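Both of the next two complexes hold subunit A, though its partner changes from subunit B to subunit C.
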Partner chain A sequence: MKYRIPVEISAGEDAIQKTIAASKAAFVAGEAVQSISSAEFLYQQSRYIRKCWWMVQALLLLGVCLMLHALESDYLVRRTLGIAAPLFATLILPEFWKNRNCDAMEVEKTTLFSIRQIYAARLTLFAGMDLLLLTAFFLGASLLTQITVFELMTQFLLPFNVTCCICFRCLYGGRNSSEALSILLCAIWTGLWVLVVLHETIYDAISVPMWMAFLATSAAYLGYTVRRGQQNIITFLEAKPSWN
Partner chain B sequence: MDSDFLLICRMKNGDDAAIEAFVRKYYPVLLRYCHFRIKNQADAEDAVQEVFVRFFSTLSVYQHYGKVQNYLYVIAANLCRDSYRKPGELPEEELPESPVEEMEPVNLRLDVREALAKLPPELREVTILFFFQEVKQKEIAKILGIGLPLVKYRIKRAKELLAVYLGMEEMP
Partner chain C sequence: MELTISDLTKDFGSFRAVDQVTFTMHSGVYGLLGVNGAGKTTLMRMLTTLIRPTGGEIRWDGQDVFRMDSAYRKLLGYLPQDFGCYPDFSIYDYLMYIASIKGIRPAAAKQRALRLLKQVGLSQAGHKKMKTLSGGMKRRVGIAQAMLNDPKILILDEPTAGLDPNERIRFRNLISELSEDRIVLLSTHIVSDIEYIASEILLMKDGRITLSGTAEEVIASMPERVWLFSVPREQVDRYLAAYRVSNLKTTPAGATLRILSAECPAIGAVETAATLEDVFLHYFGESAGDSDGTV
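Right after this comes the complex of A and B.
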């Protein structure tokens, strides 16, 4: 005799339908109970970010701070800040592009949280950490050197903002080669900026209100870029689900 | 990445079609398992529904490492052990519909069921998984949280007892 006896137990369609309905209800109820707070979500996302880039950023700012302390000439100070600011912004590029390079979008798309939520959380974390680092840098630089906060804002924050705008435009641009493109554009921007700040006639021709206007415009455009990118993120970061 | 992984990801994302596909995929095997454990079609259907409800209640924290079917068996085994302790006799009308010419296998099934009911619970659990659900011995060990040697011993012991209950020679 056959030892393993095939036994068919018929499953009624009504019972299956009831089970499907009960399963959906249980899922919704379970999600309601287990939803996490914003702080918990941020903490969860922070665990997926490599902290080494923040360390490198901090070291860069520390190095710049020490260089500014040692430098005498305004010319060199401007050049140092002009190069350091875009470099500071581009150091975080690998982390922003990590998901694309690792083809992780499909998995992220299918997880509980949307890509928009995940990117928003990571942007918040990056912005928070950069704010902390830059505050420490501004405080350190203004104490150690003769540079005023206004000079730091125009010569560091302005190129930093523009670099961030370039990076976010490329990130949200949807092209596969956007990481290389953003690095290229940042390099071009750095060259242009160094030319501007080192050209005395151009630099001196720009008055304080104009610098402030540039700074405000760059900050506003950065905010607009991030906001627009977050709104449209699904359309260009969404991977084609493989189950379809 | 197995097909269940993507299905579970879709379910975690709240995809109703994925939930339906998942239930339809595992409902028959779980029903068969619960039917052998509980011996009553209505109770077995209730038990299967409860298995899915328990699974979906904690889906957001579920980590897909092995086979999801084994995880469902664990839930079902615990549920049957905790909620349906009293073994009952299987009424004949509960047997699945079969054509007349298959009466002999039906009788055999009835005998097997009666023999199964006589087994001690721990042997019956292993027997159902191994002989009727065709789960591998290693997986049974994981599902029941016992060692592989104990699973092998229980299968061997169950074979001996079933042979006695069925009035057969030593089973292969």
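Right after this comes the complex of A and C.
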């Protein structure tokens, strides 16, 4: 008759630690031979964007929403939206200009993911976040106020698109343009826009289809500006005349 | 491992910055020596694909680097002359950011960043903001970022500019340490930066490579001889005007001059071994007098 003999098994701490270390080393070695995917790159880029700008954008829209709720006159609503939209757009500027302001592009243009891809990632992230914020704003404004979605689109989205066009034209505009220039141009545009929307005769003369046409044109031109800029960004450093 | 440059030319309008440069690099340290304005930075920018040449080609193991595109950039580590970085990032965050755009996965990036920080002597400073770093520390971060992807081609444009002598020596040793099994191209106008570590020296002048070879070969190529002698103070100006003086040391009696000349310049002058600084003065003589020609 056979009996089981109890055997006491004790875990060897050293062996466990060695196994852990070997596993970690094998994992890192495996990671070292692979490059990150485009989705991972996008995620990594999101980690290096300063979130405070999104916070400021969200606070601005919240403030505008509350103001619209309090305002009675169409005149003031238009003025508020006309000023808020360019301001909302210009809040993306610091993050897009930081490569150039910090002279970081020369290194970034020689890496596996090119400067074009870095900008594309930032554009995607900001576009995604702004879409979320604007959707929430439009919903909130529609519920809290008497403003129609059409009004919001013409009074907010149209100046927003034009401001973005100005910002991106300057951003992709070669080494002679600057962040300060884009802010100046945006300020001039805001002034012009406010003058137009506050001038009743001009405002009333523009029919609904015309507003829609303006909106569609601004959106199309924004798409064109970004696309063209993304194509030309590679040649940006060509203009830098340093031949030491 | 072969990087071949053939008839490489770059024009900026009517100005020719690089003029039909041809050379081949294998594993080792290559020192690109020339005064400011010689075309070193333009040549390096073309090698990093930052700018496209007007003529000629660059090939890596037979393939055109501009066609290779990201496959070539994957092999590349680059420290530009004006190394810009994000001032609000910590050193560690900056390296992790660069690792991400170099396509390195986070686990490997973390390990490499920590190892490189140790290698460049910044392991205790990883948390420091970039804006608080001294010029020397910033340059060390620069070399760490260039090395993150373990590049086969490491291009360093004036890496020692603005460094004090101690930092310069430390940097030189570091580059020497990192040069194993890769091509390191280092541009400078400071002779001592490359004298001891470069396996081959390329002398660049007016956009052309005027001379190349080992330090010994480059020194041996100089047709002039080097003379040492002392002169009374009142004769110093005469020798400065007549000869290329690679060194002038003031003494109580006058001055000891180190002169480049094919013939013995004065009675009592003793011929001495030439150095790379003498060669620099010989080839870049007309520029050596101004501040750009620091040796």
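Here, the second predicted complex is superposed on the first by the 201 of 244 C-alpha atoms of A that agree within 3 Å, B and C clash if a C-alpha of one lies under 4 Å from a C-alpha of the other, contacts with A are read in each partner's own complex, and residues count from 1 in each chain.
In this text, a residue touches a chain if its C-beta (ideal position, glycine included) is under 8 Å from a C-beta of that chain, and two chains touch if they have at least 3 such contacts.
Fair warning: this is a prediction, and the values are worked out from it, not measured in the lab.
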item	value
Partner chain(s) touched by A:27 [first = subunit B, second = subunit C, both, neither]	both
Partner chain(s) touched by A:18 [first = subunit B, second = subunit C, both, neither]	first
Subunit B versus subunit C as contact partner of A:10, first or second or both or neither	first
Touching partner for A:118 - first (subunit B), second (subunit C), both, neither	second
Which of subunit B and subunit C A:204 touches, first, second, both or neither	neither
Contacts of A:45 with subunit B and subunit C, given as first, second, both or neither	second
On subunit A, the residue positions that both subunit B and subunit C contact, one per complex	27, 31, 34, 107, 109-112, 241-243
Complex interface listing, subunit C residues touching subunit A	10, 12, 15, 17-18, 36-42, 45, 48-52, 70, 73-74, 76, 78-87, 89, 93, 97-98, 100-108, 111-112, 145, 149, 158, 187, 207
Residues on subunit A engaged by subunit C in the complex (per definition of touch)	27-28, 31-32, 34-36, 40-41, 44-45, 47-48, 98, 102-114, 118, 237-238, 241-244
Sites on subunit A touched by subunit B in the complex	1, 3-5, 7-12, 15-16, 18-20, 22-24, 26-27, 29-31, 34, 107, 109-112, 241-243
Interface residues, subunit B side, partner subunit A - complex	6-7, 9-14, 16, 19-20, 22-24, 27-28, 31-32, 35-36, 41, 44-45, 48-49, 52-61, 96-97, 105, 108-109, 112, 131-132, 134, 168, 171-172
